[in-house]
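Below are two complexes that have chain A in common, paired first with chain B and then with chain C.
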Partner chain A sequence: MFKLLKKISGRKKKGKSIQSNNTLDEQKNKRDQSISQNIDDNIDFIKSIYQFPDNRDVKFREFKVGGSNKRVAIIFISSITDVRTIEDSSIRPLLENKEPNLDIKGIISTQNVTIFPNMKDVVSNINTGNAVIFLEDDSNAYVFECANFQGRAVEKAENEVIIKGSKEALTEKVVVNLSLIRKRIKNEALMAESVTISERSQNEIYILYVRNLADDQLVDNIKNRLKNLDVDSIQNLALLEQYIEERRMSLFPSLLYSERPDRAAAFLEDGHVVLLMDNSPDALILPATFWSFFHTPEDHYLRFVFGNFARIIRIVAMFITIFISAIYVAVTSFHSEMIPADLLLAIAGSREKVPFPVFFEIILMEAAFELIREAGLRVPNPMGPTIGIVGALVLGQAAVEANIISPIVIIVVALSGLTSFTISDISLQFALRIIRFLFIAAAGIFGIFGMTALFVMGIFYLVSLKSFGVPFLAPMSPHYVSSGDTIFRRVITNENFRPGYLKPDDLKKKGDGATK
Partner chain B sequence: MKHQLKKIKLLLALPFLIILTGCWDQTGLDDQVFVIGIGMDKAEEKGKINITYLIANPEVGSSTQASANNEEAMMTVTIQASDFISMRNNANSVIAREISYDLLRVILVSEELAKEEEFIRYLYTSEKDREIKRNVHLVVTKEKAEEFFKKNSPKFLSRPHKFYENMIGRAIQVGIVPNSELHQFFRITEEDANAFLAIYATSDIEKEKNKYRISENDAVAGNVKIKGETNNSQFLGAAVFLEGKMIGKMTGVENRIVMLLNDTSDVSDILTVVPDPFDEDYQLTVRITKRQNTEVVMDVNSKPPRIHATLPLTIDVLTDPSMSNPVEDKEKIEEVKKSFERFLEEKAMKVVTKTQEEFKVEPFGWSLYARKEFKTLREYMDFDWMKTYPDMKIDVDINLRFGKFGKQPKTPSYEGIRD
Partner chain C sequence: MKQTEGKIGIREYTAIIMLSVGTKLTDDTPTVLFNSAKNSAWISLILIALLSIVPIWFLVKVFSVHQDKNLHDLNVYLFGKVLGHIISVGMLAFGFSALVLDSAIYVDIISSMYFTKTPSIAIYVVLVIVCGYGAKRGLQHIGSTAWLTLFYLKITLLFALAFAFYKGNTKLIFPLWGPGYWEIVKTAGSKMSIFADFYYLGIIAPMIDSFKSFKKGAFVAFAVVVPEILLALMIYVMLFDFTSIEVISYPFHEMILYISIGFLTNVETFFLPFWLVAAFVRFAFYFYLVLILFGAIFKIKEYEYLVPVISILVIFLGVFPKSAAFTIPGLREWMLTILSPMFFLLPCFMWLIAKVRGDFKNETSAQKN
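This part shows the complex of A and B:
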């Protein structure tokens, strides 16, 4: 069907292909040269690359070293460097130096000073916030670290709120994020490899895994996928997710996106791989199963009974949000014998003056709810959501009084909307909201029969999904050795296996009890 | 190009395939009226009956949003028709909407029609209709069903489905009427060995002077004098059906005994009175519970065949009006036990004799036990349970055990207070 449509639409679109001036290659070629002996050449070259003085935050400091009387140039981008470090550990020592023989490494007092003979490396170091020193009559450049990118401090998690447990959330600075995770896993086997994935913006990705837990094949697979990306720029993990997932049109997400470092750490310890990136206050956890979207970290922080109670509520809420509107449509228009007599008469009585069929009534209210939700999200004022909900209630009440909607529909839609908020993962939440409409349509056409058919088809689809080679419903179906943490969790001392579907190097966790 | 056009047309037709196969049997709730009860009366013409619909008004008493305060909660329509099914369209000449049997709770039959040979022909059409559920109750009314519907006006439960549901449900629990689901009717009628009991009801209360009965339930509907402003219809006793035709009546107490003996019924709350063995002026109130299934022992080979039924009962004695305090004395207890057993056995035997002599068919479901006694079905058929039953030698034994003697077992003696 889609092929046919493509064919039809494809015929009309036989225009010219888009011309691309490959400015990226030009840029690359330009900086690909070695450093000259003449310091003026070098300075001029950098100035031309950065279009100085149009580029205002690129700084050049030229002076003569006190003892040897040689010319020196320090180059850096002031907005991403710590200027105080540059002053204290390079400019002042160089100026105050009285030795006749100039030894840069001996004068500069930062953690490390690296020597590069090539302009390409010099430029990339300046771009990442380091400072470069050119010396008179020296074909090497000296680079020392003084990067200082601006960003938020560690703040409270806002999207995955929990009551019991750590409140920290990841931030936009990858160094901070790494620190938050290393704080939880103090183990030299925790690897943080980095890969540069884009050509223009040079975005860097950190691949985190525990060396002797994660399956090597899985890690290689992910590394390959990242290395094979051919893009100009990927700003953050949310965009990266869409580049590396397997089914881009699928309703269900296949990578877990979390802002909680404790969650990332817990998955790392199970043998998962975590991706971190600058500018993303989140971690991308993979492979992900359906259960990881359904769970919250609090399920485990709470005691066994309480945690499972929360799970029961959540699974019930999930079914309510998918089915309740559809069931209402199906039962009232096809299977009225299923409703208890009192309710049947109440519905029939309240529908007496409503002009629309049930199906249309439900669609109308569901659409209104989605509108309010979307509008409430985009209102800049923090009052927005509150006004949205109040608006919904007032709107609903008015609609009932005007006999456009029957009051039971308001209950049904409010319930289906409310229960959808119990799923904290935004991707799964969207999926459920869309599925709800599919079920309403199926119920409107075929009644319960249609819903059953759609449900069976949906289960087929779920079972067929895979995330990085892991079946979406594992370890429930297909069955794998695991801690058995699916709909319900076990007592914590009985959860002593890592998920078998990850093929971890060490399947059994230590400590099947509090004592040794 | 032409080829492609064809494909597009096919593509456009695809949604219709789904939609057209789907919605055909959809009916909105607001396009239906709900029949709660159907009444069947004899019509003058042969092959026809008068059918009465009791229709509930969904706008009354169901929700605050539905605001038809001055409308009646229900209405009745009577039309001559040949069966229930064609009636659904006949009635549309006066009723504006599609008639639905989804909420049908009772089928009322006038005694006059129930005693006709023809009756079974009409009732069996209810088996054909998809919407009539098998748990609809069959009620026999003394007067015309049409009249019953009109006269019956419960004071509080003005919504008809609620009234019939609660009235019949509670009466069955208490045991004063039988559980007369249509399903049971068809099963028993087709089994051709037992009698089917239907609920007996009337709004035609007799004016005659109340005669003395040990228990007020020992009467059929219409014979109990109740004063006050309650409903003017009574549900009490049973109509006995043999081969789909009504042949007699049973009182409320007789019905209780049948229900106790019959293992398929579930009577759960029997409060009744038994004569006080220590003072004949008073009666003791007792709660009777069935401990386990009736034990039925049969000897079909002897002439006449014998049945020995043992009914295990637990009895809570709840009153002691003669203040003779039987709890304290073992001998007194024994005496009470003996007198109870004698009284209950007598009562039970009376019912058994009535079924043997008057109805000549048994409502206890004993034919099920009898089947086990025969090696083949043919032997059982040759035995002819229905024919043999009136001549059988039957005795009923009560295996009695005492439960509690009220919240406070001991009462002070009458003389002790009045000294």
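This part shows the complex of A and C:
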């Protein structure tokens, strides 16, 4: 029967295939040729590829070298190169050269000069901001690095704010990000391999890991996954995350997205793999467990007691944000005997004039809160404070005075909204916000029984999740050797294991204190 | 580090047993004991525990030389193809009835004690959906869930028992021998199958990461569960006295109705979610056992597809009796009585046959592996 159903559903899917020109292949074929001896041919070819006069920022500089009187052409895209470098280290030395024998490598004074025999590489180098030199009667092209993409400087972290510890955040330039991470791990074993993942836009991704810590299999697995991508363009890590994760429909994230270089470095030192990319002011850390979304780097920067206090606050906040609205619904509509008599009278009194059932009241207010939140996020800066005032006054005070909402519901919803901000990871925050509505629905239908049923199902689901082979709730269950950093952390000198679920090459982490 | 795909560690395994056997103190099992042994039910429990060690020990002994076989394989291997299959099918029948009867009782508890207005079939459907989902996810995930929640469940249980202890009257335990020695022994003999779960553990024996964990886990869980139930039985008597304890169907739930914590006078709803989690885990595990045993006997590799069928069967059979509160405890008591001699004798026979066959000669070499 299932086969029949499959057949029926399969048949429907077969529609007309979409007609499309494969312009990418055309483009590829065009540039796949070797460099000619004739410099004019080469220049004409590049001009035709870049549609020269129309493409305004592609620059050609032709002149004769002083000594040997040979023709030279320098080609680059001015918007992504450092024009100063080109002038100082190639054009001027070439013009002022007096030697009869022309040796390009000896004249250009940049850090490296590479020789390429075919046009494909030449074009891709020009596209990545390097300059190319063609020489008369030479079938090689000389390429030197002078890329200078514009971007912002290193700024303060804005989404993962901490009080104690480094304030730097990653930026959109991958070179800067690499430098920020290398600043923290000064070790030759820190690898930064690069893979080009997209065909059209040639987006490049950096895979960072510490060679003698990270598990080779894990690194290979990630590399393979990246190589298997067959896409035109992936602009940044936020998009890449959705391409490489295992469960695309899942509520829970399986890769950790962080804007803090110190966090990335800490994970690297534990044997994780970090992905960096141009245009992404963040790092993608994998594999990720539930705990990595729940933690902040400050938990470790603060002293043992303070860090754990923060953790307690956060886990309580997490429970409040998921459960408080649902509990209010369940208790008031199914288990009112649970509430002490005075409080029950207070609730009943405040609800006296409200015409809606509790369930509807809570849903209304939660939806209003989500609206304020989304609006507050999208509102242009100068209008920001207005939204707060309008939201708080109109939707809160006025709704109560109009007897649409009881004041206790305002407290409950405000609490559940406020506490959701304690989770700094945006993906987990979204997950919790959605789960909250599921719990409210469960509580509305079956009270505490429905909530518990949903909770147990959620745990069953949560323990079955995996991120690159690592169970989502490891090392708590299934158990692995680790420094036990889950809900609570240990004293720093006792955190002397790397997480066992990563199968790191070196499990033991040295961490003895100065005093015993 | 040692984690291998599809196998569970000792933590998860022990947690499953502790939850699935431990929750028995919260349903009508105590009532079954109180019925005949009156206020000395706890003494008969001690007897049951002592008696149960024998079959468990024999079972572990047999598994020590057949570490890669599950209970069904072992039945076929030891008793021959025909008898082995008959025994396994019998086990399946009992396992399935336990799933149906116990879940029917839990549904009855929920609908009669907490959700009097909700139709019990709705409660049943939710219960079975959750447990079926867990069973489909597999043993690893049931185990992980059990381990993650175990600590909180036991803590709340301890709280409930502690508060009840302060409310109770210690003198009510006396007369110590209640209805007389003979009654106590008789109860112990006929109701010892409350620990028959341990026999069913053989089904998942090859799915535990090592034989050592299997053995240690079973005994650790046994050592935790027995005092727990013992304590509960004593506290029930102290709280209700033996005359009323026979009439109360679900003493645990009556008990949490009795206690109050500070300004909270009605705390039963506070304990409800914790008890429910334990119940869900327990039935997910029973469900899984039935599934895997069914799959093993009838050679069905992809037994996950049986989940919807078994779910529907459980719901219909469970809802079928007209007045669950009266018929099902009777059926359950009857089942416990039949199962008791089987639970005691089967492992002994298994051990005996294995001994006659000479399986234990390789024991030393097998244990080294």
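Following the convention adopted for this analysis, the second predicted complex is superposed on the first by the 490 of 516 C-alpha atoms of A that agree within 3 Å, B and C clash if a C-alpha of one lies under 4 Å from a C-alpha of the other, contacts with A are read in each partner's own complex, and residues count from 1 in each chain.
FYI, a residue touches a chain if its C-beta (ideal position, glycine included) is under 8 Å from a C-beta of that chain, and two chains touch if they have at least 3 such contacts.
All of these numbers come straight from a predicted model, not from anything done at the bench.
> Using the touch definition from the top, say if A:I46 reaches chain B (first), chain C (second), both or neither.
Neither: A:I46 stays clear of chain B and chain C.
> Taking the superposition as given, does A:I86 touch the first partner, chain B, the second, chain C, both, or neither?
neither
> Does the superposition put A:P357 against chain B (first), chain C (second), both, or neither?
Touch partner of A:P357: chain B, not chain C.
> Given the touch rule stated above, what does A:P407 touch, chain B (first), chain C (second), both, or neither?
In the superposition, A:P407 contacts chain B only.
> Does the superposition put A:I74 against chain B (first), chain C (second), both, or neither?
Touch status of A:I74: no partner.
> A:E337 in the overlay: touching chain B, chain C, both, or neither? Say first, second, both or neither.
In the superposition, A:E337 contacts both chain B and chain C.
> Determine, under the contact definition given at the top, whether A:A348 touches first (chain B), second (chain C), both, or neither.
A:A348 sits against chain B, while chain C stays out of touch.
> Classify the contacts of A:G500 with the two partner chains as first (chain B alone), second (chain C alone), both, or neither.
So A:G500 only meets chain C here.
> Give me the intersection of chain A's contacts with chain B and its contacts with chain C, in residue numbers.
Dual-contact residues (chain A): 334, 337, 446-447, 450.
> Where on chain A is chain C touching in the complex?
Residues of chain A touching chain C: 331, 334-335, 337-338, 340, 446-453, 455-457, 459-461, 463-464, 471, 473, 476-481, 500-501, 503, 507.
> Would you mind writing out the residues of chain B in touch with chain A in their complex?
4, 7-8, 11, 18-19, 22-23, 25-30, 32, 34, 56, 58-60, 62-63, 65-66, 68, 100, 102-103, 105, 131, 133, 159, 161-162, 165
> Give the list of chain C residues in touch with chain A in this complex.
Interface residues on the chain C side: 1, 3, 8-9, 11-12, 110, 114-115, 118, 122-123, 126-127, 129-130, 133-134, 137-138, 140-145, 147-149, 263-270, 272-273, 276-277, 280-281, 284.
> Using the touch rule from the top, collect the residues of chain A that touch chain B in their complex.
Contacts found on chain A: 1, 4, 8, 332-334, 336-337, 341-342, 344-352, 354, 357-358, 400, 406-407, 444-447, 450.
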